[in-house]
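The chains carry the letters A, B and C, assigned in the order they are written, with residues numbered from 1 in each.
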Amino acid sequence: MAALLRVDDLYKDFAGLKVLKGVSMTLERGHKTAIIGPSGCGKSTLLRCINYMETPTAGHIHLDGELFGETQNGGKYQRMSEKQLARQRSQVGMVFQGFYLWPHLNARDNVAIAPMKVRGMEKRAAYELADAMLEKVHMSHKRDEFPERLSGGQQQRVAIARALAQQPKLMLFDEPTSALDPELVGEVLKVIQELAAEGISMVLVTHEVRFARQVADHVIFLGDGVVVEEGAPDQVIGAPKHERLRSFLKQILEH
Amino acid sequence: MISDLASFFATYEENWASWWPQLLPAIWVTIKLTAASFLLALAIGFLLALGKLSRNRLLRAFATGYVELARGIPALAILFILYFGLLPVGIVLDAFVAGFIGLGMSGGGYFAEVFRAGILAVHKGQREAAASVGMTPFTSFRWIILPQAMRVILPPMMNLFISLLKDTSLCSLITAPELMLRAKDLAMMSFLPMHLFVLAGALYFLLAWPMSLLARHFERRMRRGYRAG
Amino acid sequence: MDVILGKIATLGPPLLLGAVTTVTITLVSLIIAIILGLTLALIQRARITWLNWIIAAYIELFRNTPVLAQLFIIYFGLPYLGYKIPSFLAAVIGLGLNGGAVLAEVFRAGIAAIHVGQREASLSVGMTPWMAMRYIILPQTWRMTLPPTGNYAIALFKDTAVVSAIAAPEIMFYARTLVASTFETAFIYLLVALIYFVLAFPMARLVDRLERQQRAWL
């Protein structure tokens, strides 16, 4: 059986600025990969290319054995229509550093709207699903609140519930705790850890190296648009081979 | 289609010599009307803003009432009151004078709000800081408050200018000899309304557009300034 | 006092009749302007270069010429090309086209003010760009654009006075006819001003309230 996610030789330029310079990775079902690396090295860009929020300049993505974001016609690849793309994206949940909850909807509607509008679920069923997802992130008690009345940690947990409600094959986390006050980081990490224990497949970009070591079964150190070092967490974080990775870890762990 | 268009423009060529001498002075009147009403609007708006911010309740009530009235009454109604309505009481205003006074009164109400917002946008700490280095209230207003308020005020001030320029066309309805009136006269005489009103529109556009571009330029620059600061 | 009441009794009814037309013209033009403005703003987002040039030209032309010139072109100019348009229709078309240009800018700015993350989050849960616009972006835009749209509506209401110049039978038109027959010039125009004010004032209050609420929300 094909891997859940396969990224082949991905390149991404922004108007001449080369951000990704040939990145490849695979993720098996139920596995968790953490991506670490200095600021500006292209972690977010990689993640955003995986669900085609950015269109890669070269390289291809396969999800569950299926070409993602493109259609292949003979030897030619073509970006697919927005409609097809939307259908594929609904298989991938994404959690953003800035939460991006929808301020005009309460917590429950934030979670329920995609099941209703994208999958055409009945309102009752969608609300049941939303309630179950909010329960998972321990936010049932705030389901009627609007985002502006929630703390950052609570907002991020609702955002996680929103992504889970797609019942995605894969979850992408882009520094989910970087925008949070230190005392709120724990509650979000705890939720992610519970999801990991449930066996949800995920790619996690994070600066929380200790956390990455705990939950991930694979760690990728990205530097300047290429994979500098990867492997088991204990090896990459515990016994780094490259000097750049060593100094990066030293800098981060000093905090 | 193309030949229609060609003949449409040919008509301009034929009549240019007779139209232009009539339109040129009318454009000049339009410009003078705009300038005069703009200055009046600035003066009225400035006084009203001070009135609204004043500690005197009577002044505040007067300024507020004025602004509310100006916001609800069409400029055209004010023009008609000044030009036609004052006749029975023996006040005969020249159409030009009635025009710029009416537009100035109308624009003044709008500008009062702009000015007030501009002054309020300057943080109170600024005034206190100015006082703390020994500036008098006047010096602090002139050198500290006003320059900062200008950033907020300048773009809407330019927009007011453009609005007034366009609104001077209303003065044609009280027979002020400006561009719209001349265009209308010529249209009726020559039976070429399309040509003349398109021409009038184009002339207004030529006057207003550069100002619009300038206003937008300032708006952008000021937003940038704030983000940096 | 009795004299004044008597005057109001004779002059009031026709003016109020005109006021009904004024309000009708305002509402119809407002609806045209909102639909047109929103459509233009949405088309602009599609970033089709040549279309955006056309829309920009339309906006610049209508925003930098007097509405009176626009009305005259429609009412007096179009018959010259063989299209005779009744004054009421000419009025709502002229004001509607003019307002479309104003509101296109308002809506464009409103949409642009929504953080891109809002759209990206929508796409990430499998919404199409249109669904993101419909369910996520526009509902937030309404809230922000309601006060400027309200202010525009007040300005439009006042601008309807100029359509008397193309003989649309609204307040100002009735007023001018009454002046011609009764010579009560001052009284009639003051009464007209009062009617406009009484109608506009509640609208202005409402807009102020919306503005304050919006500031509280931001």
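Just so it is clear, a contact is a pair of C-beta atoms (placed from the backbone, for glycine too) under 8 Å apart; a residue touches a chain by one contact, two chains touch by 3 or more.
These numbers come from a predicted model, not from an experiment.
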**Message:** As a test of understanding: of all chains, whose mean C-alpha position lies farthest from that of chain B?
**Reply:** A
**Message:** Suppose every chain is reduced to the average of its Cα atoms; which one is closest to the average of all protein Cα atoms?
**Reply:** C
**Asked** If you average the Cα atoms of chain B and of chain C to get two centres, how far apart are those centres in Å?
**Response** 19
**Message:** Nearest whole angstrom, what separates the Cα centre of chain A from the Cα centre of chain B?
**Reply:** 54
**Prompt:** If you average the CA atoms of chain A and of chain C, how far apart do the two points sit, in angstrom?
**Reply:** 46
**Asked** Contact residues on chain C for chain A in the complex?
**Response** 115, 117-118, 120-129, 131, 135-136, 139-140, 143, 217
**Fill in**
Note: in the complex, chain A contacts chain C through residues 51, 53, 82-83, 86-87, 89-94, 96, 98, 100-104, 113-114, 117-119, 148, 159, 162-163, 165-166
**Asked** Inside the complex, what are the residues of chain C that reach chain B?
**Response** 60-61, 63-70, 72-73, 76-81, 154, 158-162, 164-165, 172, 175, 179, 185-186, 189-190, 192-193, 196-201, 204
**Request:** Could you please specify the touching residues of chain B with respect to chain C in the complex?
**Result:** 68-69, 71-78, 80-81, 84-89, 162, 166-170, 172-173, 180, 183-184, 187, 192-194, 197-198, 200-201, 204-205, 208-209, 212
